Amino acid sequence: MAKSRTTPISRRRVLRGTLAGSAVTVALPFLDCMLNDSGTALASGAPLPVRFGTWFWGLGHTPNYALDDKAVTSPGLSFKGECEALKPYADLINFFAKFNLPLDGRSNYPHTSGWVASRTGVVPDKDDEIPGTTFDLLIADQIGNGTRLKTIDLSCTGNPNHMYSARGTFTKTSGEVLPTAFYQRLFGPDFVDPNKADFAPDPRIMARKSVLSAVTDERQRMMKDVGASDRAQLDEYFSSIRELENQLEVQLQKPAPNEACRIVPPPNDDGVLGDMSGVEIGRVEATHDAFAKILAMAVACNQTHVFNMVFSDSFSALRREGESLTHHSLSHEERVDPETGLQPQTSWFNTRSMEALARFIESFQSIREGDGTLLDNVLLLAASETNFARTHSIDGVPFMTVGRAGGRIKTGYYVAGNGDPATRIGLTAMQIMGVPIDSWGTRSLATSKTITDILA
Amino acid sequence: MGFVVTLWNTAMYETMFMDECPEGPAPGNTEIWESTISPEQRRSYPERLITQLRHVNYRGPNGEDVCEQPTVVTDPPLKIVEGKYSYGIDLDGNTDGGATPKSCAHRTFTGLNGETGVDNQMYRLLGCVEAWRSYGHIENNANSHRRTSGLGMILLEISGVDDIRNDDEVSVTFYRGLGSFNLDSKNNVLPFGSYDIDAEDGAPRYNDTVGGRIEDGILKTHTADVHIPHYGNYQYIRQLIQDMQLHMDITPDDGRTGGMVYGYYGVDQLYSYVRGMLTSFPNRHKFSCPAIYVAAHELADGHPDPQTGECTTLSSAFKFEAVRAFINHPKGDELASGGTGPARVAASGP
Amino acid sequence: MKRHKSLHRGFLSALLAPLSALLLSACEPAEPVVSGTPPDISRLTEDQYRNVIGDVFGSAIVVGGRFDTPVRTHGLLAVGARNATVTSGSMRQYDEMARSIASQVLSEPNRRFLVPCALKPDMAFDETCATQLITDAGRLLFRRPLTDEEIKSRVTVMRDTAKALGHFEDGLHLGLTSLLVAPQFLFVTESVEPDPAAPGSVRLDGYSVASRLSFLLWNTVPDDALLTAAENGALHTQDGLTSQVTRMMASPRLETGVRAFFADMYEFDAFDFLEKDTVIYPAFGVAAAQDAQEQTLRTIVDHVINLDADYRDLFTTRKTFMTRTLGQVYRVQVEAPKGVWQPFEFEETDPRVGIQSQLGFLALHSHPGRSSPTLRGKAIRTTLLCQQVPDPPPDVDFTEFNDPNSPNKTARQRLTAHSTSPACAGCHRITDPIGLALETFDGAGQSRSAENGEVIDTSGSLDGIAFDDASGLGPALRDNPAATTCLVNRLYAYASGKSLSPRDPLMAYLEERFAAEGFRVKELLKRIATSDALYAVTAPDTAALETAAVSPAPF
């Protein structure tokens, strides 16, 4: 349970808040549950929180068509070709090239091994295996407990299973797929505007919390009769209950005033999902852009400190209306133009993906926070699951950081890994976000080498 | 085999710069009314209300509705088509346009493939009235209403087909369909849907049959008077087309086809449709009921009245689109032949 | 669990076993003895959750929410559900659904049927009413009577809430919510008890037997009669069990159960994300996709329940059901009005035979804009025959397949060119000759005779049986022994969570019985439901409990 770091709310204050405007009496169990572990959000003027997020797209880049290669780590990024759209944000980005994912003799399960290995630090033995916890959740365990939502997970393809976050094979996170539903969840009746003068803890939320506490009380009894593997299954459930309790707890506290938090109008689902054309690129882009706007505001309003955004799935089933081949099929089937070395249509999808990333960056960059922008206090890790989709190589899978992480990092760097394991990137990201960890990964992916070149 | 008609238009030969209408488009009801009042009077009406004003239609000398009573005023003569070319065929068998026992004297057109003696007085009448042209409101509105409502749905059933590419004797029956169209996500009618015949007590409401032949995949009917259902602009018409001939390709690979219907269309039938439109239409969509009324009578070239000798119908051509369809007959309707009955049907097509 | 006639390591059973085996052997072989496994827990699947809510609270209750899909295990989501847990994101969903369901239960007119007392705006806390609601709803939702403690703790919270929020109804709302987010509801947990017939051994308790039965046969919670049979011990007798199975199999709910199994085995969950390009296949829209799935399920239900026919004939049957929407894609006449299903039979000359030639299968195993002999062949191997097909290598080069200047117009020609590479040929040999027979059906399952102007050659083969087209593939599938082995394996795994190896004596026994009884799925289902094997358990391994119980929560 997160320990309060600020002044606890007085019992008197709770009563006053709860009773404001109505003649209800508050039953003692509620008061107790509030008093035991309550705390307020950071007071105005305290340091702004640093948030972490991932942005995923499928099928990587075409080699030599993303940015100018350099042999060594050095400042300055020259984006081109498929990454042309990132040019305006070059000084906010670090690009990690030539980091590898050695498989130690195990199979390369196309489109799976890449993301699983780079996010869990372990190469999977089987196609559908996720042998560890992905680093976004390790970061969320560190910084995500004081917010209303521990993580926000968004899938732009209409398929909630297109999400690259998990605690194991059977505990894969699933994503939100509809912007309207997402908006409602965030800014619907449960949202507490931090800039509203009056605040009263909602007694209904206290009641909901008490239900969850009652469920937690049954944990011991449930556990008693089940075998070890079933116990792990139930344990995850009880952890989820505790997380929900924690989120409700946050909602019972007055949020600190937050200038950056200005609610955007609700989206509509026109042009996004709803029929079978989930991965038609126009719809995916519309969904992405609607999500990006709401997400940026949710992050500015500190509704979460950790998010995962999936633009396209690791197989990238993106397609153009009327075309029989998907992005993925094209990567296997389209001939390479001998003049340019490009698969033109495949590359078109890669380019559209980077244009979407540029718009995503802009949605964060356009929100003022403190003396700068929201992006100054975000560490965004954009990554794919392969390098060149044509060969499905998982060596040199592209990774980028975007944002200044509260001044903890330098940006605008090209970082050449020279064959080092890509787990160095995950390790560095976790360390930047305050996860107390000094080494990560197994076998050839094991590393304790922080990428110090980008540390401020 | 069956078809359902998805689009029905008066066939208009339109050039990009409207060369066929050297005097320009025919003026609308409001323009004609405005020319009869003083500028001061004109200014007394708020602009936005002009098209709504009922009395623009009630501009008869005693306040009569000029669509209801088109002869109470004398509007400037309708601007008609003066071009050389038109869709259509030679309906009266006389290429020079002189009167025959079955037609009054009229100017003929040249067909788009150079045929001479093409009769199409409907086009001459309406070709310069913008509301009826391809971009105008009347026919587009009617088609879109039919598409979304299924009203006035035309079903064609071709029976007695032994050889789909060449057959000397087949018959074609026109029915009205009941229910709505099967549309895809872009609102196009899908081929190979099943459609029910509109019937009362087992008897189809429309049921005219005409013989015909198939030549190289093209169906051509013999000449006959047939009733073809019509709905548009909030009106049903039990549309009679006299001396009708239908031509259509019946062998499309994708089930989508089209064709032409030629024949004589009654002046009264046409004017009844014009008169029945909403009061606001002549103003909003720019046409003059009295001018059309007068011109229709003047241009009529078919079916001379035995008493007066005046012609009562207009030679016409209609362009339609259709898709293959399965036609479900009402229970007890034994008239139909060919391919209907139990649901056991070959999957190869209707 | 062991019933009176059963074979058991227990003393009495050991004495009786040879006798009962002898008696049975006159007509049929005895069921092999299996060693039990510990009881399992399983998270409710989406369908189960929806069925339960509908059955307990009525079909008017709308369940709006998103469910995590379990990881398919041994070819089945139902087996994967036994490892499924509740992630933090899905807990939020369950919480929201629970509150929404509770609100609907307490709203007009549902409250009149579902709340045991008349609700008035300012009524005081009615302890009897609250207790009864929790007791009644809880018994169905938890699939067993609640313990006094489970009732008491809830009524206390309900009373506190009603007091704090000022309305009795708020208390009821909270009580219902607490049932619906509880692990006892979301997870089907099984309990054991000492087996009186075998001292020192355990058996499943009656309620656990009831749950296994009802989820197997109905895909929902036990009804009152089944719970009563669990309560009074009837399920622990062979007669009692058989009579419940007979009753349940005569119920219309059997259809729900059979649908759930086949939808799982045939991987119809993929329909949720099926995409067809609406420009290339305008007739295959959302409605057609829904009807296509329903068509195959109806065909199966009619075949295996109503007609009680040979399972193998599902691959050759021409009988199915049709709607106008589907008729448009199949290009056949449908007389039933829009939205109404009519029985339909394809003509003798039509190559469409069997469920593998229906839209549901053909469209599901194709790309959004074109057909795929490889995907179709692979699906037949993996879902209908339970065989493994390896994944393609990561750097597969398929350029030949998409070269616009290629002389290869048909999929067969393109695949042949592609398969000249020895690395690819091996796998394609086991999929393509099956799928190519279905090439006269395009990516949406519509009939065609040519591709890019070239007449399609539909000859193919399956495990040495050659055929000319889809109408020959059907009989080849029907007569392939793997088809029935596959069904037996999947159905037993669906029921028990365990995938039997081909050499398992129980597998041999079930296969033999399935064949002897004319490959009728209902008989197989009944045999499994009344088998000893299904209920064989050992005590759970609770040794590590202490460590688990004191391990800190993750935050």
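A few points about this structure:
Lettered A, B and C in written order, each chain numbered from 1.
In this text, a residue touches a chain if its C-beta (ideal position, glycine included) is under 8 Å from a C-beta of that chain, and two chains touch if they have at least 3 such contacts.
Given the structure is predicted, the values throughout are model-derived calculations rather than measurements.
If you tally contacting C-beta pairs for each pair of chains, A-C comes out on top.
A simple rule picks the central chain: find each chain's mean C-alpha point, then take the one closest to the mean of all protein C-alpha atoms, which gives C. Averaged C-alpha coordinates give centres for chain B and chain C that are 56 Å from one another.
One finds 61 Å separating the Cα centroids of chain A and chain B.
Centres computed as Cα averages put chain A at a distance of 33 Å from chain C.
Within chain B, the positions touching two or more other chains are listed as 185. Counting partners per residue, chain A has 275 as the residues that reach two or more other chains. Within chain C, contacts with two or more other chains are made by residues 278, 285. Every residue of chain B that touches chain C in the complex is listed here, in rising order: 179-180, 182, 184-186, 188, 190-194, 196, 255, 326, 328, 339-340, 343-350. Within the complex, the chain C residues that touch chain B are 278, 282-283, 285, 322, 324-325, 327-335, 337-338, 342-347, 349-350, 352, 447. Every residue of chain C that touches chain A in the complex is listed here, in rising order: 38-41, 43, 66, 68-72, 80, 83-92, 95, 99, 150, 153-154, 157, 160-161, 163-166, 170, 174, 177-178, 181-184, 186-187, 189, 191, 273-280, 285-286, 289, 367-370, 391-399, 401-403, 443, 540-545, 548-549, 551, 553-555. On chain A, the positions that touch chain C within their shared complex are 1-2, 22-27, 29-30, 108-110, 127-128, 141, 145, 150-151, 153, 158-161, 167, 169-174, 177, 185, 203-204, 206-208, 210-212, 214-215, 217-218, 220, 222-244, 246, 275-280, 317, 319, 321-326, 329-330, 332-336, 390-393.
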